Amino acid sequence: MKILAFGEVMMRMMPSDYKTLTQVNELEFLFTGTGVNILSGLYQMGEDVSLLTRLPDNAVGKAASANIRKLGINDHYIVYGDNHIGIYFLEKGIGNRASQVTYLNRKDSSFGHSQLSDYDLSCLDGQDALHICGISLAMNNNVREVAFKLAKEAKRRGIKVIFDCNFRPSLWNENERKNVKSIYEDMLQLADIVFAGYKDATLLLEMNVDHNLPLKQQLELLLKQMCHDYHIEAILGTIRQDETLSGYMMSKDVFTMSQEYSLTVYDRVGGGDGFAAGAIYGYLHNMPSAKLVDYATVSGVLAHTTYGDSPIVSREQIIDFMENGRSDIKR
Amino acid sequence: MKILAFGEVMMRMMPSDYKTLTQVNELEFLFTGTGVNILSGLYQMGEDVSLLTRLPDNAVGKAASANIRKLGINDHYIVYGDNHIGIYFLEKGIGNRASQVTYLNRKDSSFGHSQLSDYDLSCLDGQDALHICGISLAMNNNVREVAFKLAKEAKRRGIKVIFDCNFRPSLWNENERKNVKSIYEDMLQLADIVFAGYKDATLLLEMNVDHNLPLKQQLELLLKQMCHDYHIEAILGTIRQDETLSGYMMSKDVFTMSQEYSLTVYDRVGGGDGFAAGAIYGYLHNMPSAKLVDYATVSGVLAHTTYGDSPIVSREQIIDFMENGRSDIKR
Amino acid sequence: MKILAFGEVMMRMMPSDYKTLTQVNELEFLFTGTGVNILSGLYQMGEDVSLLTRLPDNAVGKAASANIRKLGINDHYIVYGDNHIGIYFLEKGIGNRASQVTYLNRKDSSFGHSQLSDYDLSCLDGQDALHICGISLAMNNNVREVAFKLAKEAKRRGIKVIFDCNFRPSLWNENERKNVKSIYEDMLQLADIVFAGYKDATLLLEMNVDHNLPLKQQLELLLKQMCHDYHIEAILGTIRQDETLSGYMMSKDVFTMSQEYSLTVYDRVGGGDGFAAGAIYGYLHNMPSAKLVDYATVSGVLAHTTYGDSPIVSREQIIDFMENGRSDIKR
Amino acid sequence: MKILAFGEVMMRMMPSDYKTLTQVNELEFLFTGTGVNILSGLYQMGEDVSLLTRLPDNAVGKAASANIRKLGINDHYIVYGDNHIGIYFLEKGIGNRASQVTYLNRKDSSFGHSQLSDYDLSCLDGQDALHICGISLAMNNNVREVAFKLAKEAKRRGIKVIFDCNFRPSLWNENERKNVKSIYEDMLQLADIVFAGYKDATLLLEMNVDHNLPLKQQLELLLKQMCHDYHIEAILGTIRQDETLSGYMMSKDVFTMSQEYSLTVYDRVGGGDGFAAGAIYGYLHNMPSAKLVDYATVSGVLAHTTYGDSPIVSREQIIDFMENGRSDIKR
Amino acid sequence: MKILAFGEVMMRMMPSDYKTLTQVNELEFLFTGTGVNILSGLYQMGEDVSLLTRLPDNAVGKAASANIRKLGINDHYIVYGDNHIGIYFLEKGIGNRASQVTYLNRKDSSFGHSQLSDYDLSCLDGQDALHICGISLAMNNNVREVAFKLAKEAKRRGIKVIFDCNFRPSLWNENERKNVKSIYEDMLQLADIVFAGYKDATLLLEMNVDHNLPLKQQLELLLKQMCHDYHIEAILGTIRQDETLSGYMMSKDVFTMSQEYSLTVYDRVGGGDGFAAGAIYGYLHNMPSAKLVDYATVSGVLAHTTYGDSPIVSREQIIDFMENGRSDIKR
Amino acid sequence: MKILAFGEVMMRMMPSDYKTLTQVNELEFLFTGTGVNILSGLYQMGEDVSLLTRLPDNAVGKAASANIRKLGINDHYIVYGDNHIGIYFLEKGIGNRASQVTYLNRKDSSFGHSQLSDYDLSCLDGQDALHICGISLAMNNNVREVAFKLAKEAKRRGIKVIFDCNFRPSLWNENERKNVKSIYEDMLQLADIVFAGYKDATLLLEMNVDHNLPLKQQLELLLKQMCHDYHIEAILGTIRQDETLSGYMMSKDVFTMSQEYSLTVYDRVGGGDGFAAGAIYGYLHNMPSAKLVDYATVSGVLAHTTYGDSPIVSREQIIDFMENGRSDIKR
């Protein structure tokens, strides 16, 4: 299958081990972003994946695309211009101490300064699915316009539109906050497959539900309503409780939950994208619902055990874990 | 507030990860010492902190003061002479294997060879508190003389004298062992705030207590007696049980204990200094007792999760943990 | 005591931390092999240990012997020829993700291409024990011939023959698979001390036992039978259950089991060799059975906590753990 | 002596050795800037130095000030706000391949967004000299206003004003380019000591000189004129020819040139700041002209041999080199 | 343009700095091979490049293709099977000490065990040129058969056949040595563009030339003859003298030599491939001869200054060097 | 041949690249000493070498002996006691900047505290030569006593006594300085082979020579006189001039000088020991004088190109260099 993702690429920088910025003179770095991560996971499952983005027209942009290719992602549609990229620093915590993320200027990146005329819509040719992330909606009018244009064009051509809500209030400034709901609603109308959860329904979309019901039942009702309101094929997501992770899918009025998997966390960032990659794979390949949510959740569970934001676990490893559970060593 | 600490600086060297000295060709190093650690913690809480010590008059001494400044500690009162510094190697253990500390020559360091005439007592000008560590008492007559002179002069000027018993029998040679009790008693008479525990009271000061009482009650009785005997404002310390840590304070005949905090250990050395820094901050800022012991204990708990001996957790992080408990990630 | 081991040396290469091969540009390496590991452990217990093997006649072979010497192993009997060495890559897993071992060509190593005429049997002079590993039997006819010649000659001279079954089906090709049982039986007839377990007895040697009995009793019956059938002095091994490890010994019809030790795993490979080193030491020094199995098991338990395949824990550390249990730090 | 510098702090990131960004996963970093570098050099010569700047109010800003303190620079006047810092990537070249510098967004840094109200002019209290860099003039109106306010206030108080032209056309946008000359002229009127060269005089200040004269004589005439036109006490700078470096000073109508020193380059960035630090030290301490330019040039020469942009060579090392020349090793 | 290369991929492992294998515990690695290197250089010049090879069907093979993609090379035609790859260790020398290369088993790699049926000739569809390396001829009959099949098929389709003689006697065993000349002659008959030099003509092809003529003239005569004998469009190569490098081309009976460039060597391996990449680019784009050899030689000169075997210098950097010569730093 | 060296082992610690102590958080370390270095070089030439020394009885001492074994040196005669080792920091300079060595306490090492009763003279059994270094004479009375006892006992047994003057004034305190000459004279009387130069003869031994003669002739006269006065078989040494190195030998009244070799320096420390190892090998194997001094000098020249103090270049590499000169790469 061929999948295209549109989205921002960031540079992540991290002190080694569990040190802080003031304790080191070196930083490990990698390139990340929701689109990059989803595609990285899908490549491991055998898909033909491409990224649509705009990178700095300098050594950093070239390094970004080289690393993206290394993840298995096609860089033919990437364009270059301007000279900035968003950077975030991750100081990994351990035990009682939380990991700390610090962002540098993100809005003025080459991606943030991109607009419709920078991209060539022929990138959609031959694609089976298009992935859009809520972060792109938060960037600014120009980037948002690209996202909507792509989604509409995909819809028109019968390419599945996948939308990950990924709602982060801090990315929306005062003025735009009041339009968030309607912007999201417009995108949900275009989407076939959506990643969303309880908070998206109640806080972002301001949906109502009987708070006296059990939480899981509330979620089921909300997602069913969302599917109806916005004509969505399937809504997927995860529930994290203490040290466990479960995935769910609402599709055709049926709510399916995965097993509850014990979670061991090595590198937390990108765990959600591991679930999403598995879910997209399962959905596009018509997995039965029960298997799909298990496959996706195990993909997410294993993504928590690998270095970096981008899932690098293969389909074979996921299936082996589903069939045989955890083991020490494979020879 | 302005706080001055007098004490030894050591160089800590450590193989990476959990390797041993024979398994590596490189060592990570940092500069440490009770005084350095307390001040590092207090700097993170917003205090103006200075170290009084004597370092080698060579590249190692210059590197030590540069690293001390990096921790936020004022190095104006540091003097230089001779050319040796104490070094300890830390081979970090994991799980069933204990960490192993190996000391090289420590007594012949530039600090160990220092004497009263090396230091200028004007360093006490404008200070709110003076910190003295039991290690300095163990060094030799000359260093001990400096510690007592500083404590007396501080007492005279109304500067709070903080004394950390830090009693290590191995540092006292045969001849001096018989005088340890009286030396400590002299210092306790000068001290306003003291870090001490059950063993200090019973083994070092040879105090008696009814062993049939519950341990906590024994401790309370012993500390109350200590306060009376030596005219101490407050005695503070921690109790470690398996995987938990609690702090306590005896002050004005009231014994206050913190909550019991679950402990996760990444770098064990310096955890006690994290508690002490929090306790000094809380005491000097007149925190209510219950809050003080919680604040200090959380400071100690978080100090167990950071690389290095010197606490580097900010007041904001401590308060956030007290209010919200443990979390995965902060963005 | 003087102990000689005959066996293959491999090069192990590993990404740092928990990264995979595609995520790194550097690899940590070390030299390993059952013989190397056993001898490394025995050196730490005070023995005079030598390795008999054949290494590449180039810079890699020289590096191998230098590293072997560093482990405390005498390299006087090592011979050099050809230019290949077996390499395995270890991608360390964590939590839910298993470690992954990938082998490159192993059969065509300088060791795999060695034959009787390459070695000088005077290496047996003055030895107290000879260690042979099942891997050598699996190599090919030439190497197997060396193993048998050494075992027979040792037997003739009254040198204890120690045989570690270490049966790995994947190393035996189709043709040789049918002879495995009789090859092993020939070696067992020559061996005085054997490392073997339930599967060796039932699958490899095709022994029968009443499956309705408790597992431990089945094991006891099988090992007793093995001792009788092949005239073995002692059979030793370990049982791993979830997060615990126990050791056992069958000797003179008495079956002794160690305590059950909680297991913490840092570097899994070589844990079994840690047990074997401890068991050989205990046996050659006539430890009482109960102490022997505890000593050996603790040796294995601690070998799981050190970097690398080769046990590097000293006799003193093992005994300290047996007497005082786990501790945080030793100063 | 007390010296204050006002200027931007940047983060420099560099692959190890001579690798490029696409060849590494880690970057070495440090904090730099003309002001930081000058002060670092002056600290090594024994001065009391402080930096006035604005850093991000987050973990990166805190790391910057910690590293600045480590260089020996007082951070009391640093203020914090916003969350961005300029970053540049240095891919070090070797031999026939040039080093490559790549800048990310620099204008939107916390420093670039700073204005007069962010700073407290009491930072000038007790200072002997103030250092201003041409980069600050290029930032924007707000930052330029701060620079002029500081220079005027320093002038008023009799604090020496040191101005480093550091003219980089690429930092000035189209609109501002036309005002550059008059802006520089205003600052030169305020300055006592200036770092400038042939291009500053002819291109920036559009001064005329007889091109038929020998270059050195042209330079002399230009600088003499500059001193007269703008009432400057001394103008200093360096001439690089192939693999040699010479320094010069025009002061009181006397033009003094240093010896010509053979140059060996390890880390090129910051070499000019090494000269400037030496020149400022020599000038403030009333060194005779000939010694001053030699001292400054050797300071620059040695700054080319150390890692990082910030000079870290001590006064003793400079004087030893002046007296004894190059040597292999000092014990 | 689209270029396909057929050839072996090896893993290069190197101690850091100038250390030897016995002095390190880590090795830097990368994937290399004549085909990989040529394509890497051509990618930097803007070409669409693909590699045809066979890699191990395991984690090492996957890492190899990921790294190849990172270099900008299309991996669509790579096939996977078996589990071995050739490895070479590079201990970098410096000054008076030569670099040392040590090879492990290379013949039994997945590539060495590959045969015609493993590959799909559709990889030639749409290609403008095919690159074959003499190493592939030395492998064995099966691999040689693939090389000839590809060359013939390319010839048939009008795809330019590029052949790099790369004759290494040590790779040919006794039996095959006697056929080398005729094998090479067969390939030369198929080739359009050839990389060869004096030794190839005289030693390999046993051509005669008047040894009394100047060397350059001898070379010219030999290459002219070669072009005629084997119907070659162009023969290219380099001459290294002490610390200089010159390139040459014989085409249409015209012999063109480049300028003589001073050579600075950082990583020697792959310098020749840098020349070849430049030459292929120049030839396919119809550069005039004089410019072509200069472009190619500068490409080779700069390839000596970068880490790794694979050229990573861009067309822009080459042209800048041709036009402006050497410089210190580019901002 | 069997060679025993008696001498101090030190730990060398070094920042990576050309950084200084304040610029790093890690240090590379290795174990060194004149004896270690000489033996390391002799092992590479095929000799059976052992070190006699006293190391700390802790993890550092164990690491030292493990690293010494790795160099090929027998550690059977090493004894353990006390807990300190001498450490020196090497900050490597480059170009115009000199390398800087900083010593920590050296006199109080386990070796410095050793005495005759710590060692077992049976270490001399079967030795062909004994190496003593002037550093041991400078330590203190106890260590000096060991050196003399060993030299006398070796003399008595007909074991060649090799003495390296290695005179460092800074190691001798005021009181002992007046006895230095007579102490050295006593040792020279016992020595068969001596490493010494112009300064040893004139400054240490206060010998006279006509200063009007050419320097080389003065040296010849001085060494001839030394041989006569102290009954020395051969005196050897090197002359460094700018970037060249020459070796010399005075033996049986014949003065032989090597060729003058161009010197390229990567790691300067230990270069002299490289010469000494070559000279000892040549002398013990009765090389003709001219070949001996060339062999020794090339050994020294190559020792300047390897990392670390201990020569690691093989006899084959030395001979290849003597025969073929410098080359780029060996495959």
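The letters A, B, C, D, E and F name the chains in turn, as written, and every chain counts its residues from 1.
One rule holds for everything that comes next: a residue touches a chain if its C-beta (ideal position, glycine included) is under 8 Å from a C-beta of that chain, and two chains touch if they have at least 3 such contacts.
Fair warning: this is a prediction, and the values are worked out from it, not measured in the lab.
Enquirer: Which chains contact both subunit B and subunit E?
Expert: A, C, D, F
Enquirer: Please decide if copies subunit D and subunit E contact each other with the same set of residue positions, more than half shared, or with different positions, and reply same or different.
Expert: On the two sides of the subunit E and subunit D interface, the residue numbers are mostly different, under half being shared.
Enquirer: Need the CA-centroid distance for the pair subunit B / subunit F, whole Å please.
Expert: Measuring from centre to centre gives 45 Å for this pair.
Enquirer: If you average the Cα atoms of subunit A and of subunit C to get two centres, how far apart are those centres in Å?
Expert: 46
Enquirer: Among the residues of subunit F, which are close enough to touch at least two other chains?
Expert: In subunit F, residues 20, 22-23, 25, 66-67, 70, 100, 103, 265 touch at least two other chains, as defined above.
Enquirer: What residues on subunit D touch subunit C, complex-wise?
Expert: Those residues of subunit D that touch subunit C are 23-25.
Enquirer: Write out the stretch or stretches of subunit E touching subunit F in their complex.
Expert: Listed in rising order, the residues of subunit E that touch subunit F are 17-20, 22-23, 93-101, 103, 170, 265, 268-269.
Enquirer: Provide the residue numbers of subunit C that touch subunit F in the complex, in ascending order.
Expert: The contact residues of subunit C facing subunit F are 66-67, 69-72.
Enquirer: Going by the contact rule at the top, pick out the subunit D residues touching subunit A in the complex.
Expert: 13, 20-22, 25-30, 56, 58-60, 62-63, 66-67, 83-85, 87, 89, 91, 100, 102-105, 108
Enquirer: Subunit C touches which residues of subunit A in the complex?
Expert: Residues 70, 261-266, 301-302, 304-308, 312-313, 317, 321, 326-331.
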